[in-house]
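A short write-up of the structure that comes next.
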Amino acid sequence: MALLEVKNLNVSFGAKHNAVPVLFDISFILHRRERIAIVGESGAGKSTLGFALVNLLSKPGHIHSGTVKLDGTNLTTLTSPQMQKIRGKRIAMIFQDPMVTLNPVITIGKQMVEAIRAHTSINRHDAKKIVLEKLAQVQIPAPDIRFDQYPHELSGGMRQRVIIATALLLTPDIIIADEPTTALDVTIQAEILELLKSMCEENNVALILITHDLGVVSRVAERTMVMYAGRIVEEGPTLEIINDPQHPYTQGLLNALPQMTLAGHKLNQIPGSMPSLSDRPNGCAFHPRCQYAIEKCQIKQPNYIYSGISTVACHVLEDMISETSSSDSAFLNDGKDVL
Amino acid sequence: MFVFLLRRLLQACIVMLIISLLSFVIQGNLGDPVRQMVGQSVTSEEVEKIRQEQGLNDSFFQQYGRYIKNALHGDFGESYFYKEPAFHVIMAKLPATIELTLAAIILTIVIAIPCGVFTAIRPKNLASHGIMFFSTIGLSTPIFITAILLLYVFSALLQWTPSFGRGETVSIMGLWESGFFSLDGLYHLILPSISLSFILAPLFIRLIRSEMLEIMESEYIKYAKAKGLSSARVYFIHALKNIMLPIITIGGIQIGNIIAYTILTETVFQWPGMGSLFIDSINRVDTPVISAYLMVVGVIFVFTNTLVDLVYGLFNPTVKLAVKDV
Amino acid sequence: MSYPVREITFSISPRRWKHIWAGFLSDKLAVLAFSIFVFYCLIAMAAPLIAPFDPYDTALIDLLNAEIAPSWISGDERFLLGTDAQGRDLLSAIVYGTRTSLSIGLLAVLMQASIGICLGLISGYFGGLLDTLLMRCADIQLSFSNILIAIVLLAAIQSIFGLAYYQDHAMIMLVFILGLAEWPIFARTVRASVLAEKQKEYVDAAYLMGISQIRIIFKHILPNTISPLFVIFTIQIANVIVAEAALSFLGLGMPISQPSLGSLISIGFDYLFSGIWWISVVPCAVLMLLILVINLLGDVLKNHLNPRHYKD
């Protein structure tokens, strides 16, 4: 059975009568020890999805419908004390900016010990031992000194290591890492990513990596989901998606990577920008920016189809596939079952 | 930190200088001290002789220097009314004022923290609206009016509480007369301390509320929740610890207010503390006591301000960094 | 008794005044508070016309009329709110007391504002040692409360000049002392605004055009600091009235012969336990409402004048 199964998750902001939908019919599966990535521009709803999974949406946001099943238990219907037992213990999170994630007036050690003691009856002394052990594991020098220091005494990279160590304290099933390297210096980004990956491997933890950087994805994740304006537009094995992106948006994202540009040429940009929540275009939300857009794209939301490489939601692609292999309908159905 | 302390010390010295000058002027200028001592029947030559003996013809600085020297020894002269050293008169009343203030501060903390936190985490709750309404009223009501109305309702009309004084006190090693350890003393403490906290609590409720609302949006609070901590721990440890700094700062600014408030409260409830003694002494033109009060209050003021600074440093792990750019 | 006033800087265009005014009118509480305040002001201004008796005229006071309860209890139509222990009509005393309290409040705040604005402008515009010195003074003074400063100064003045002399000049003395007591609030706000405005190019431009510094300060910088000052001005009126009432209650403010609301409360307080509650409770209520209304107005102004609040 899948470790985490998200089905038709819809998230809205605002009160019922004038709620603005933010996430549309998100469905995916995460297996044990699997590492997946959620990719998209800022505003695509990646972080919202991350917080929706642990039911920590900021105030006007709420889960409108759909299920998030962890080992078969639906998390969306849990009471807050029940959910509290899941957070940190079974699903841990790593936030974007380590400079503001740790509480500035509480020592590193206390913030880690309390994470253990919130879920177990381990005494302070033993908890400290675990903490020191984990700090050493994430390659923090002199953990016993760091233990009594305040966050401002540590560099950004060190703080992110502390946060990774905190996430690993209780060996959770899943770690959700929301842009864990974005706020860091380029020089230590790779280090932290490598650490995150190896820690997940060593501890048998599944990882949901939220990022806007496709370069990051290829190093870490086995599977990738591309999000655009609150919807998953493409989903499949990372290597295949990067080698042969199917959705026009994914193609645009890949082309926009600086290393894809020939020297002396302008960077490739996707023309236009992500629509805001309130004025999402009808049909496929990407059509105003899409060079392949056809009439259908403006009217109808595309269904998911399996392209042979990944699962994609795109009318153009659908038409192309049905032209070339219209007889092979079993193949298409197979694709739908994945989601 | 060192520069910070030095600057604080300098400020404290300036404050004490101003206060001592003021109390010196009050003591020196009131009426003719020699006439007061000897009466009207003495000739002016004799008066002049006494003036010379008493050093009243010395320069201002000599007289001021002598005043400070005596003040440092706790010698402010004898109270005209009590016929006792003024300093002793003041010190005898000090415990009453300190206990009243302490009780009010404890009451304020006990009321303000839960109310402030509650109104921040449940802003739309009916009780929150109620708390905010009362805090607006409380902040707008002058303390002596609160005190008078409480006194009228609970002492005059309902006769539930005593109307004046401190009640029975217990002597602690002959040094401190405490009302904390007798039922009667506590009973007398109820209304005065409520009056004081009725004006202090709303200020802190509003402060805690607005700071909490801001901090609840912060990443580290979200992170604390993501770690699976209990709401109580998130709000009362993670959030509250962060708003301690603004609370301490505002609390420090309130010291002057609290001293003024105790004068008013003590007057209404005839609480036998320094404040009511001060007002009585003004009415009795008992200058040694007035001047001693000013000096004692000045020292208390400077001392508590320094204490607040130290506590601030204690709560702020970055104080060593922050001081540089002050 | 004092609101913590945040230092805020923002300027207002005529177009925004319209919005502010519209927003104000749609706020029912604001309109109510404003109406009550205007009512108080009218009563204070027209006190000699409204008051049934002249409370300063000892010829009109008859001890036979002493301690009459308000008319709804005693049924005595002559004295709507009853009389005090000397037989003085309480309504007239309150009307005149309101006049005294409001006048002191207004005058003292005007004084605070003029001292504060001048020192703030000087401090902010010229900077340097003068600025440091002035702001240190402001810091020290702000760390005391206005009432405490006033109590101490009044105690000093009373002992230096003598009680009789003080009582003859009580109102001027009070205005003077309360006016001195809280200038730093104005000064700090103005200084912050000036520092912000000074960076803007039009000040440089004006200077290059040869416009004198004084003119730059008063013509170009001051108008931009008006709206936060407006809020402080309003709230300070309440603070000063409270301070004056507190001083009078302690017997350090207005003398009994010329009562403000505070002195009325003080007089009545002695009779609280003899069943004659109205002498102090009625002025208490009048004062409370006045303070509440001014503070509400201050809050409303703060909300409507601040562009950050203005959005929603």
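Brief remarks follow.
First chain written, first letter: the chains are A, B and C, and each begins at residue 1.
The rule we apply is simple: a residue touches a chain if its C-beta (ideal position, glycine included) is under 8 Å from a C-beta of that chain, and two chains touch if they have at least 3 such contacts.
Source: prediction; values computed, not measured.
In this structure, the chain pairs B-C and A-B differ in their number of contacting C-beta pairs, and the larger number is found at B-C. When each chain is reduced to the average of its Cα atoms, A sits farthest from chain B.
Between the CA-based centres of chain A and chain B the separation comes to 55 Å, rounded to the whole angstrom. For this pair, chain B with chain C, the centres built from the Cα atoms lie 24 Å apart. Residues of chain B touching chain A in their complex: 217-220, 222-231, 233, 237-238, 241-242, 244, 315-318, 321.
For chain A in complex with chain B, the residues that touch the partner chain are 54, 56, 58, 80, 84-89, 92-93, 95-97, 100-106, 114-115, 118-119, 150, 152, 163, 166. On chain C, the positions that touch chain B within their shared complex are 1-4, 136, 139-140, 142-145, 147-149, 151-152, 155-156, 158-160, 238, 242, 245-246, 249-252, 265, 269, 272-273, 277, 280-281, 284, 287-288, 291-292, 295-296. Looking at the complex, you find that chain B touches chain C at residues 11, 14-15, 22, 25-26, 29-30, 136-137, 139-145, 148-149, 151-152, 155-156, 163, 199, 203, 207, 250, 252-257, 259-260, 263-264, 267-268, 278-279, 282-283, 285, 287, 290, 294, 301, 305.
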